[in-house]
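Here chain A shows up in two complexes: once beside chain B, once beside chain C.
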Partner chain A sequence: MSARRRGGARWAARALVALQGLCVLAPLAVVVLWSVTASWPWPALLPESWSARGIEELFGPGRDTGSVLAGSIALALACALLTTVVATLAARALSRYRFRGREAVRFAVLLPFLIPSTVFAMGVQVAFLRAGLAGTAAGVVLAHAIVALPYAALIMMDALDAVGTRLEEQARLCGAGAVRTWIHVTVPLLLPAMLSAASMAYIMSFSQYFITLLIGAGKVKTLALVMFPYLSSGDRTIASAYGVVFLGATLLVFFLFEVLLRKRTAQEIDYFEG
Partner chain B sequence: MKVEVRDLTLALGERKRDRRAVLREVSFSVPDGAFVSLLGESGAGKSTVLKVIAGILLQDSGAVLFDGRCVDGLPPHRRDLGFVFQDVRLFPHMTVAENVAYPLRMRGVGRRERTARAAELLERVQLPGFGPREPRTLSGGQAQRVALARALAARPAALLMDEPFSGLDESLRDDMRSLVLRLQREEGCTTLMVTHDASEALMMSDRVVALDGGAVAQAAPPEELFARPATAKIAACFGDCSVLEGQVRQGIFHLAEVRLPAPGVPDGAARAVVRHGRCAAAEDARRAVAGGAAAVGIGSVDAAGECQAGPGAIPPALAGEGAPLGADALVAAGKAMVRCNVYAGATYLARLDCAGQTLTVPVPAPLTPGETVPVAVAPDGCFVFPA
Partner chain C sequence: MAHDALALRRARRALAPYLLLAPALVLVAVFLFGVVNGLLQGFGIMPFLGMTTFTLDYWAQVLTRPDLVESVGFSLYLALVSSLMALLGGIGLAAALVAVRQTRLAALIDVQIPLMCAHILVVLFMVSLFAGSGLVPRILSGLGLVQGPADFPSIVGAPSGWGIIAVYVWKEVPFVAFCTVTLMDHVSDRFGEAAATAGASPVRAFLSVTLPLCRGALAKAFLVVFAFAFGAYEVPFLLGPTLPKALPVLAYLEFQNPDILNRCVAMALNGVMAVVTSAAAIGYFAVLKREGRAR
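== the complex of A and B ==
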């Protein structure tokens, strides 16, 4: 009886997982199909005719999709690096030191969360215009980093609290100064969280449209920027082709982050036991 | 190296109004090469003292001296100490050998030399060949031995240990204690160990510093701590004893019909600690009294006076259960009613009722509940302190 009930529960769980998978994969499948479709009138279940127009449009002669893609990835990587470094240092200060106005600084770090990015982007644009950063890749990286910072900082603050000060204390007592303690003990322990923060920042940057448009002033081209006009003009084939490239690039980089790098760092560190 | 603390005072708390005194003028010293234990219950400030010595915490006032030199200005990593925490704290991203060699690496010792020293130490903590393993593959006892090896690796000027055995199974603790003592002797390293286990402190130390409420209650060699405890808490911390609250009148402790010798204790409310191994009831007590033992408060006060033992007169008591009590060691101590018996292996323990409080006495066979029996105590196992 109980075995049968357990079997039922297992089937229900499998059905739910399958349903969830369907919810994620079905729209993706539609995008993939659209990218090679010539026409897909309404009641038809599958496209009527196929075409390579999307692929030609993207990668045909005279198109710069490849370099835009490379630029987007480079931009996003730079943003991920910058964000992770700043977030880690900020989180360390916020979780380890007691100082005046600590709560205010903490709030400031998390502020971009609360403000709609359109509102916030205008302020950034004004500031960057004055600083001469508008229209430059560096400015775009910086603006993306500001948006990604709260997410990364939250991850790093939690990670620092989880790592705690126990092993840092032990390192000090083994004769390591503050710098060597940080390099030999804290950073290796934080590495998995830093990778999470970096991939978060990477995705934020890679998929950012509005801020890139405003700060980059059209001079900094990213994949999201190039893709957008096709979406709004209703050319689904080309928009979907861009979507597929977009997805592939994200998955590839994510795979590199998650699988390759993480495997090289300490796997599943048990912070509390030994 | 001689470690000394002078008048350490420290209050901890996030905000000013919930600051709480953790240490009150703590002073003691650890002679060069000695093994000293800091004994106390949780919250007594033992670990705090250790952290102040290590420099992880800064005292509000007072000084820490190494060989007479004040080290208050030195950060923890420049104090040249080995530290073993209760929760082990091996670096999870380093191998066992890298963990052990880490203090050497921090002191600029070359790779070949530190690898050799790590291997040597691992061998001495009975973990030969464990070098390439990862810390998480170790058992609790193995991990603690690696932590010990790491603490000793750089031949520190002193070794500090914070409850190093309390995370281990009972069966492992004895082995670990012998290992620590052997290594400590071999390395000749001045050692200060925090423990809440009084018998552990007795077995391992040259000297015990008992802390209570952030202040030193007694600092003495283990024999003296056991034979002449300075407070009721210290007397009771060795376990297997009854604690009674009563009144002292003219050098005798009274509770219901029980009387205990309390030489030199001022009249008034008092607390008595009676060690199980040093008292008897019923037949044992009758035989002792018939054999000519004195009585407390029965007959003359002089009789009680006779049974008093001045400081130094008592050899270190070997209480242990089953230790034969010479009849002459006992004095009659009144009577009490048997409430119940429990079986404790070597003997039964009779619980005697003293005005609602319990006096526990080992007996060879269960006594009849409800019966009133005579009681006898050995003065060297009976301590009375003003409450």
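== the complex of A and C ==
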């Protein structure tokens, strides 16, 4: 009886996982199809004829999609680097030290989860203008890092708690100084988490629309800004072509981070067992 | 000498956390500066224009405008429905992933890909599925349930905001699952087995052991989703009806007004938004505290 019930539950779980997979992949497939569609008359389930018009219009002569894309990726990588470094340092302070104001700082770091970024962006716009940061890539990276910080900080705090202090203490007992321990023991242990924090910050920055619109002041163009007007109306082929490029850039960088991570993990196993 | 060295080390140890936190505190300070500056503008304080007198005029103007109640209500409705559905779906998805011993591929497709997709990209996804020319109406027409593209309810501008909710649910179900799946796996490994051994059915073990132990993580994820759906601009701007407007859309509309004094109105609307999300956060901490005491 119990084994049968358990079998039923497992079957239901499999079905749910498969259903979610379908919900995720179906719209991706439709967007990819639309991006190379010439005509898709109602109510056919598949396009009738194909064309490269979407991609040609995006990257054809006189269009700057290529440079906008490169700019967005560079911006997001800068944000990922800045956010990860800041979050790692902050997480170390928050999870390894007991000090006055610790709870307040922890709350403040996580505050962008609670206060909408629209409130922040509209409020800070004048200050960024007056500081000369509006309309610059540096200003946009700074604003993106601010909203990405809580995600990265949470990932790093969890990782530090999971890694624990045992190996660090051993290194210290063997005579390594604090800095050497940090570089040779803690950072390698934290690297997987740092890569996932970086990939989270990259995605946050690459996906941002409203903050880039306000802080970029029309001078910093990202792919999200350029594709925005096409999304809910107009030419479906062009919109989908933008969508495919956007999705491609996100996935590409994610898999790059994954490959780095795998390489790193493989090395570590060699290091401990070899 | 030895005493000095010890004192120095102690001082360094006391100072270290603040040094490590310095860069994060700069980012936090800019965030707080922006938020506070904005909220002050809602009270008519704009030093860069020489306005320094505190006034409640703009708040009074905002609180008495006829469209405010509807906007707040619409945003609350969008955020509550989206986050509740994301919570339920996320619990289901996390439990399913734990039960199938989530393989890498399942975790990648079910959770990580949606986490990577920008909200504006998901707008395109939902439009591709549900707009008149989208896949779902085509399938329904194949089944004889829909006659033509115009028969299917429009996803853009629907007063029920179902398209907005669809975007948030697609995006946040995996987010809630992501926030809870590790903990749930751990809990069901340790306690779920025990409950099963004691004779509880899998569903009962899940409802009475695993779920209560994951309550904290679930509450946090719910709050993050709620605050986001309440305050985000892109999705309701692209898919929302002309009236009522979601609160962030209304605030940005006022913000764009060429008359700079109108910014005070926009900022008062932002103030209303901050009040609502803060209230949600206070409620959350109250729940956490009560639970802490109960334990």
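Keep this in mind: the second predicted complex is superposed on the first by the 233 of 274 C-alpha atoms of A that agree within 3 Å, B and C clash if a C-alpha of one lies under 4 Å from a C-alpha of the other, contacts with A are read in each partner's own complex, and residues count from 1 in each chain.
Just so we're on the same page, contacts are C-beta pairs under 8 Å (C-beta built on N, C-alpha and C of every residue); 3 or more make two chains touch, one makes a residue touch a chain.
Worth saying up front: this structure is predicted, and the values here are computed from it rather than measured.
Once chain A of one complex is fitted onto chain A of the other, the partner contacts of A:189 are limited to chain B, with no touch recorded for chain C. Within the superposed three-chain model, A:64 lies out of touch with both chain B and chain C [touch as defined at top].
By the touch criterion defined above, A:9 lies against chain C but remains apart from chain B after alignment on the C-alpha atoms of chain A.
Look at A:123: by the touch rule set out above, it reaches chain C but stays clear of chain B.
When the two complexes are overlaid on their common chain A, residue A:28 makes contact with chain C while staying clear of chain B. For chain A, the partner that touches more of its residues is C, with chain B and chain C as the two candidates.
Looking at the complex, you find that chain B touches chain A at residues 54, 56, 75-78, 80-83, 85, 87-93, 102-103, 106-107, 135-136, 138, 143, 150, 154.
Contacts from chain A toward chain C in the complex involve residues 2, 5-6, 9-10, 12-14, 16-17, 20-21, 23-28, 30-31, 34, 40, 42-45, 85-87, 89-90, 92-94, 96-97, 99, 102, 105, 108-109, 111-124, 126-127, 130, 142, 145-146, 149, 153, 203, 206-207, 209-210, 224, 227-228, 231-233, 236, 239-240, 243, 246-247, 250-251, 254. Those residues of chain C that touch chain A in the complex are listed here as 13-14, 16-18, 20-21, 23-25, 27-28, 30-39, 41, 46, 48, 92-93, 95-97, 99-100, 102, 106, 109-110, 112-129, 133-135, 137-139, 141-142, 148-149, 156, 170, 173-174, 196, 199, 201-203, 223-224, 227-228, 230-234, 238-239, 248, 251-252, 255, 266-267, 270, 273-274, 277-278, 280-281. Residues of chain A that touch chain B in their complex: 166-167, 169-177, 180-181, 184-185, 188-189, 266, 269-274.
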